[in-house]
Each structure stands twice: as C-alpha cells, then as structure tokens.
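Presented sequentially are two complexes of chain A, the first with chain B as partner and the second with chain C.
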Partner chain A sequence: MKISFTKIIILSFAIFILGIFWQGLKTNKNYDTKNLVGSKISNFQLSEINNHQQYISEENLKKNNYTLINFFASWCAPCRTEHKYLLNLSNSKKEIKIIGINFKDKKINANNFLSELGNPYDFVGKDIDGKTSILFGIYGIPESILINNELIVIKKIIGPIDEIQFNEILKLIQ
Partner chain B sequence: MLSNIGISLLVLVLILSFLIIYNASLDLKISSQSVKKNIYKLSLFQITFIILSFFTLIIGFINSDFSLINVYENSHTAKPLFYKIAGTWGNHEGSLLLWVNILVIFSYLFLVFNRNHDKKFRLYTLIFQNILILGFLFFLLLNSNPFNSIYPIPLEGLGLNPILQDPALAIHPPLLYVGFVGCSIYFSAAMASLLSDYGGKLFAQSIKTWVKISWCFQTLGIIVGSIWAYYELGWGGFWFWDPVENASLLPWFAITALMHSLIVLEKRNTLYAWAIILCLLTFILSVTGTFLVRSGILNSVHTFASDPSRGIYILSFLSFMIFSALTIFFKKYKKENYNFNLKSKEIFILANNWFMAFFLVTVLIGMLYPIFLDVLINEKISVGPPFFNIVIIPLVIPFMILMAVGPKFGWIKSKNKIFYKALFLILVAGVINLFIFYFFGKYSLLSNLIFIAAIFLILHSLLDFKNFINNKNKLELPRIISHLGFGLLVFFIGINHQFSLEEDFNLKVGEVKKTSAYVIDFEDISIEEGKNYKAIIGNFKLTNLKNNIVQYLNPEIRIYPNPETLTYEAAIKTKINSDLYLTMSNVSRSEYYNIKFQKKPFMIWIWISALMITFGGFVQLTLKKNEN
Partner chain C sequence: MNLKIFFSIIYFLFLAPLYSSDERIKLLEIYKNLRCLVCQGQSIADSNSDFAATIKLVVQDQVNEGKTKDEIYNFLISKYGEWIVYQPTFSKSNLLLWILPYFIFIVGGLIIFAIIRKSKHNKAN
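And then the complex of A and B:
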C-alpha cells in the first residue's frame, strides 16, 4: 500500500473523531452534586416553618463552628430511618448545629412528624416549592450538607444518614 | 422458560454465522459457477432461528411474562395489546434484537436474489455480512440480552413510557431499522466488490434494489418520526434539528447521493470509487448515529437508560468497521479518470452529490461540534436551528434549480434548447412568487428566492408529468413524483414558516383571550378515564374574527399511573388549508393553565409532499418487478 498525503489525512481524521468519542464516553454526563464539596454556600434566606417573621441566613451560620443542613419531609420514608442519627447528633454535645429544611411539605404534617419522632433541629426552615433546596444542589431527599464556619461544604450525604456516615460526621467535627 | 428458548435460538444463530463464514471461505477456493447448496441451507436455518427468537420475545410481551427482565421493565398487564407488541422494540435490548434480525434477513435475501452475479462477490458479501451479524450478536448476548430472566418473578411490570404509546411511534423504529440496518448489505457488498474486483456496472446492478429499499424505508421512518413529534410532543413543530434527528439525516444524505450516483455507475460505468465510498459511509454513519444515541453521549428523547459499557462496545466495533473499510479501500483503490461534459446528465448527478456532501458535512459539524467542545475544553454549547437555517437554506435554492433542470439533460451531451425553456419557467415562477408576495404578505429576499426556486421545480416536474402522460415512459415516473414532492415540501415549509401565527398565554376556566385573529374562550374542563390513563380535557371555543366561524378544541393532560407520568396531548384541527394547534399545561399550584395556540397554514401538505418523496421510491420498487 502506497502511503499518500490524502490517506494520512483521512486516517488521522478518523482517529481524531473516534478518539473524541472515547474521551466523551469517559466523562460523566450526569450532573453530580457530590462535586459541590469544597464550594461555598451563599445567598440564602429561609423563614421558620411556624413563624414567618423569623429568618435564618448565611450570617447566622457563620457563628456556628459546624452546621449540618438536613433536607427532610414527612412524606419521605428514608427520612424516618435517618432520624435517630440526627437525634444522636443533636444530643452529642458536639459543637454542631442542625438546620432542617422541610422540603415540599405541609406545615401540619411536618409538625406531626417532629412531635412523633422528636425534634433534632435547632431551626426548621420551610421550602414549600423546593426552590431553596435546588439552590443548595439537592435533587431528592433525604440529603444533608455539612458546612464549617466559613460556609464551605465539607461533606455531602445523598440518601439517608447511616451508621458509617454518622461516624464520619463525628470524625470531621472533632 | 421463554428465556431459555430465546437464548438457545440466539446461540444457534451465532454458531450458524461461524459455520456460514467457514463454509463460504472454503467455497471461495472452489472454482465452480454456483454457490454450494449447504450455504443456502445454513442461511435458511439462520434466518428461521433469528425470526423465531424475535417472535419469542414478542410472545413474552403479549403474555406479560415478567420472568424476563426486559418485559418487566418495559411492559405492564394493563397496556393495550398493540402497545405490548410495540414495546418489544421500544427499548434498547429488544430493538437490538430487531437490528440483528434485519441484518440476517438482508443477508439471506441478498444471497438468494443475486444468483446471476459473480460467485466470489456473493460469497465475500456473505462473509462480511456475517461478521457484522457476529459483532452485533455478541453485543446482544453479552451486554444487552433481551432474554435475561429475573427471579423471584415480579407480579407487575414497570410500564412503557407513555409518550411512546402512539401509533406513529410504534411503527417508527421498525421502519428506520429496515432503512438504517438495510444499509449493512451494501456495506458488505462494497467490501466484497473491492476484494473480488467485481466493480462497475454489474456491481451497481447488484445493489441498486437494496439501496432503493433502504432509502424508501429511511425516508418514511424519518417522516413518521417527524409526524409523531408534531402530534405527540406538543411543541408545535415538526423538525427541531435535535441531535438525534440530525443523526438520522446523516446516512440519509449519503444514501440519497449513493442512489443518484449509482445511476451514473450503471449507465456510464464510471464513478465506481465514489459509489463505494458512499456505500461504506452510509452504514458507518448509521452505526455512528446508533452509537451517539445509545451511549448517552447525546441526550434526547431517544436516549434509553444509558450504560457506558454499551457505548464502549459499539464504539470498538465501529472503529473496527471504519479501519477495516479504510484498509481494504486504500489497498484496492484505482484511480479513475472522469471526463464529463458540462452539459450532460452526469454533471448534474455529480452536482446532486456535491450538495448532499455539503449538507452532510454541515449537519455533521453541527452535531459533533458541541461534543468536541464538551470533551476538549469542557464547555457546553448547543447548536440549534439558527446555524442550520443559515448554512443550509441558501444552498437549497441552487439545489432545487439543478434538481429541476438536471433530469432534462441527456447522457454525455445535450443541446441548448433546455436552457431557454428553463429560463422561461424561472420567469413564470418569479411572477407566481410576486403574486403571493403582494396578496398574502411581505417576506425577505432569501424567502423570495426560495419560493421562486421551489415553484420552478414544481412547474418543471408538472411539465415532466404532462410529458409522461403523453409518452408513458414509466422509468421517469418515480423521479418526477419524488422531485415534485421535494419542491412542494420546500414550498409548503416556506409558506408555513412565513404565515404561522403563534400565541402563548395563561388562562383559567371561564376566561376569554382575544388575539389578533381569534377569540379563545376557555369554557370548562372535564375528567375522563382512558384505557390506561386519566385525562383532564379542556374545552376551548375558538371564534375566528374574520368570518365568525366557531370551532371547539379539546387539548388533554393525560395522567398515566404506571409509573406516574404526565403527557400533554395537543388538540389539532387539521384542514386542507391550515392546522389549528392548541396545547394546555398546568401551572403548578395555580388555577391557571398555560396555553399555546398556533395557526399553521398547509401543515397537512407538508406531510403529503414529504410522503410523495417516499412514494416515488416505492413506485420505483414496483417498476423493478414489472421489468423483470
């Protein structure tokens, strides 16, 4: 086979396109909110579930050494399974505050949920239409975000908190 | 049970493929005129078993046999029978089984119907086709097996995506598959032709019927998909330059070019290398399209649950195909001398090919560029209608003019008379355009040119049709129909684009909206139970302000339970001269509904003229039979 200029061009063109395709397969197309670890939380304001006048914003969180923001709803079954870890955490006397964000829920149901299972939260914010949660990069609940006093996300838990993740949180906030 | 039967049948087909390749290679060395009997027998078994395996899967779907994961994931007992059957190819695994079926069917038919061609050429074609069959069969068995079973057997299935539950969509995949996978046979034939030195005229004759069959089905499949998008998606359009639509256009451009250049190859015994390139390119582009859609690199309504391992497999096989095609082509390529007169039919057919190549490259760039940017510099962009409209539409003008004049030219050399007639028709087209321009509305210079070119092509085709009635030259008829269809298609798309009305607003029950041409009264809503869904039906009264004619339109929001999904059914009133199109969608936690109202002139004519293009192809297929 004679090697000519045209042949080389055509071959390298084919290799280039196929190479791009290979590379394209490797990159993850799905938006993965785990990448949020290391980023900073900003621009949010939440009103208390039972009291519209009471707000929480980033200024309040800067005062805490660590804050765990937990997204929950009364209609969410896995939220029930992680609840005992949240209670343990709030009883652990560690320097951590827990903020609950009530996701697409009814006020009555949310209050019933908390009186039935106990309330681990220092503040319960409401997010009826789920928009604030989206700003936090949440796509389903339960999810939790652990931030430090500079409002930087140091851990993100997708799905219910379990024994392992509970211990990891304890380790991180020591 | 079905799982075992299905897998056994597929394994048998696999073994038969190996046996066919082995026997065919042995037979290559024997210098007799005819192909050995046992190769026919093996092929007959192969086609029987693969069709049986497909029917096994269909039976699984009809009986809702949820022991098959595939049935469990894509069907449901409450689904109407028609959609149970359509569910067979409405998913990745099942459609791949259909894909292999078509590979085998074409392989068998090509072997049986080309007895008068060179033995070596036929055997090589069979070998290459079976290599393709093996490639996809391994993929099917190892990675995407539709017969995988599940235990314990679930009681109920997960259901088929409701937007796929539409008659147009049920037949769309099989049509496209016959079109796209049918290309495989002349990919194999092109490779065989290079290896067995069986080129020129005879090669053109051996593949032309197969090219026409796959062209007809591809065209029809694309049109049906477009019809589905118009009626089902509720976006009020019929072509969106969506990456997957583009992927389906690429092989279509190549195959249309091929179909035309084959005429030159058959009549003048030239353009052989170019025809081979197009044969190879068509199937390579079909597989590339499949790869882009199935690997999840592109996201669109066509993406099945994506799985990277599928992408890796198809890409490996695609690379294998491309490099073996290039190697064989480079090895066997002989330089041809082209010597065409400027005033000959050949030159015009070549011009068709240049245009097709240009359209192909444009769409290819538009489709690949975002992927390249994403991979190379991680920037996400989308290339949409503006790009394609700017680049493609101006070129359609000279394309249509050449398309009208070209067929009038004779082979080798023609007289000048044709030019004078064309000049006269251009003037007539210009006058008709001026008429539309003055009486119906103003539009840009580019649109003027488009209309003139389209009308020119229509007039030319009509005159040709008149000649046909006089001289009854049947061979001309398919071309006249298809070219006329294309002219009409561009004309009606142009009209539709220029004179569409579109309104977008929110209304609640009892409210009235007045637009420039219509009064829209949202009278009430009702709830109805469908076969496997619940429908919220809006009742809209439309009064035309010009003539006070009252019409009722009833768009629906359908709620499907398994899994819970909402679909929006547009209410479409189709008339000879225009479509009224109305969709409603709920605005969350509010009593308002979002209403999209459109008046689209001559919609039905867009479908009719597009179908005419295909119809020309089918007419040609029937002619072929009469000739023999």
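And then the complex of A and C:
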C-alpha cells in the first residue's frame, strides 16, 4: 500500500514537471510590446529640436486623425533604411501626421540627417536624455507608434519600417 | 594606542553603509527588480546599457517625485509589460506560482507526518 502511494506521488509529480516544461516550450520568451496595442499613450510634452519655445503635447495629437510617432537618430543605421517609407507616407496625402522624436542625438547631426535624406516629419521633437522614450515604451530605436485621434495605440513597429509594414500602415489608416 | 585608533577607524568605516541614505537603498532595490530588456539575464542595476541608464534616470525622477515602489513598477509594466519586473505580480495566470510552494510545503509536511507515524506504529508492533 505504501509503495503504490509513493509511486503515485512521484508519477504525478513527474507528469506535472513535464507539463510545465511543455508549457515552457510553447510560450514565446522573446520580448515584444504587442500588449501596448489598444492602450492609450501617456501625457507628454516635447520641445521642438531647433526651437525650445515650441512645444507639442498629447492635446495636439488629438486633432490628427492618425499620428505616427517615429523615434530616430542620426547615429542609427536602420533609421536610414526606413526613411524612404516615412517620406512616402508623408507624400501619400493620407490623413496622417508624422511626429519625429530625435533620440539621444546632437542637434547638428539630426539637422544634417534630415537635410540629407529629406524631412518627412510634421514636427521634430527632441529627447536628449531618452526619458520621453520610456513614456512611449521604447527600448531601442528605430521604433514607431501609430495612434488614432483618441490617442489609442493601433500599431507598434519595433525596428525599421519595411515594405510590408508600410503597406500595413496604409491599410490601417484608410 | 595607535592600534586602537586604527581599529576604531576600521570599525566606523564598516558602520558607514548603515548610514547610506534610504533613497539610495530604495533606488537600488528597484533597479534590482527590473529586467534589462536589451541585455536579457541582467537587471537594470547590473547593466550599463543605454536602455538601463535611461530607466535609471526615469526611476530616479519618479522616486524624487515621491512615488512608491509599486507605482513605479506599475508605470513600467504599463509601458513594457510584466516582463520588465523580476518579481511576478499576483494574477490569475500566476496563481499556481504563488500557491504551489505553500501547497507542496503542507503536503510534504503531511507525508513526513504520515511516515513518522507509520514507523512509530511499526516499532510499537
């Protein structure tokens, strides 16, 4: 009687552990911010890169049907590859405004970057110490957040925008 | 005499950590419970990455504003998900995680109790 009782305990314990391992295999441990989609962006205040007197806050974004908030820097190579899609987007005459947030960058470098590649942004804000990026749940650039006029996150893109994501954005803002 | 002075200096040096500010200790506690997302396996306290440095700045600001630990954790969870804190929150999906150790503790105790009682019973026979 005693042996069978111990056996049952050991067996059920083994099954339980295997179950945990099985579950562990199935869950994705890669970090992603999918959960942010559907949440509202925080209140923020951002000063213009060349004009400290000029500010933008979440109130300004409520006026736009859609806003794409793009974090970029002159030192970030992938930002160069996604830049043409941002230009395409700003030329597309869709009801979307693009806010660029210059992340941990020097003013002169950022301005050179924009004059060299073109400026797709309706407003370029600066985030010298990166604190604003935390408000938006950014952990590495480039990252882009598409929000609607209720300030709800519709899409979050980690890494550079590519052809597929560009088309997806166009579909979402129709 | 010199030896006495020497040892008293050493003694007071070792006391110094006791007088480090509460705020520093609180900050360190918070950093240790935050996972660095770009350098997985390290906490914000351990990491020197750009991301960790920024998180430290933000946490410092919030501590200065008088926010509690939980408020800071909740803020970061709302931005980065539960993954950013090491200590899991108490939720439905985590229920087993929190309950199981106590459950095993109680069941283990019962098993030991049963075994001891049985062996005593056998000895008595």
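What we mean here is this: the second predicted complex is superposed on the first by the 169 of 174 C-alpha atoms of A that agree within 3 Å, B and C clash if a C-alpha of one lies under 4 Å from a C-alpha of the other, contacts with A are read in each partner's own complex, and residues count from 1 in each chain.
As a convention for this text, contacts are C-beta pairs under 8 Å (C-beta built on N, C-alpha and C of every residue); 3 or more make two chains touch, one makes a residue touch a chain.
Bear in mind that the values here come from a model prediction, so they are computed numbers and not experimental data.
Chemist: Put chain B and chain C onto chain A via the superposition and say whether they clash or fit.
Modeler: clash
Chemist: Return first, second, both or neither, reflecting whether A:Lys104 touches chain B, chain C, both chains, or no partner chain.
Modeler: Touch partner of A:Lys104: chain C, not chain B.
Chemist: Could you tell me if A:Leu25 is touching chain B, chain C, both of them or neither one (first, second, both, neither)?
Modeler: first
Chemist: Figure out whether A:Ile10 sits in contact with chain B (first) or chain C (second), or with both, or with neither.
Modeler: The answer is first: A:Ile10 touches chain B but not chain C.
Chemist: Could you look at A:Leu172 and tell me whether it touches chain B, chain C, both or neither (first, second, both, neither)?
Modeler: In the superposition, A:Leu172 touches no partner, neither chain B nor chain C.
Chemist: Which holds for A:Leu135: it touches chain B only (first), chain C only (second), both, or neither?
Modeler: In the superposition, A:Leu135 contacts chain C only.
Chemist: Which holds for A:Ser39: it touches chain B only (first), chain C only (second), both, or neither?
Modeler: second
Chemist: For chain A, what residues appear in both contact lists, the one with chain B and the one with chain C?
Modeler: The overlap between the chain B and chain C interfaces on chain A comprises residues 129.
Chemist: Applying the document's contact rule, which stretches of chain A touch chain B when the two form their complex?
Modeler: Chain A residues touching chain B: 1, 7, 10-11, 14, 17-18, 20-25, 27, 29, 129.
Chemist: Can you tell me which positions in chain A touch chain C when the two form their complex?
Modeler: 2, 9, 31, 33, 35-36, 39, 42, 104, 129-131, 133-137, 139-140
Chemist: In their shared complex, at which residues does chain B touch chain A?
Modeler: 291, 295-297, 299, 306, 308, 311-312, 315, 318-319, 322-323, 326-327, 330-331, 368, 371-372, 374-376, 378, 588-589
Chemist: Contact residues on chain C for chain A in the complex?
Modeler: Residue list for chain C touching chain A: 37-38, 40, 50-51, 53-55, 57-58, 61, 76, 78-81, 83, 111, 118.
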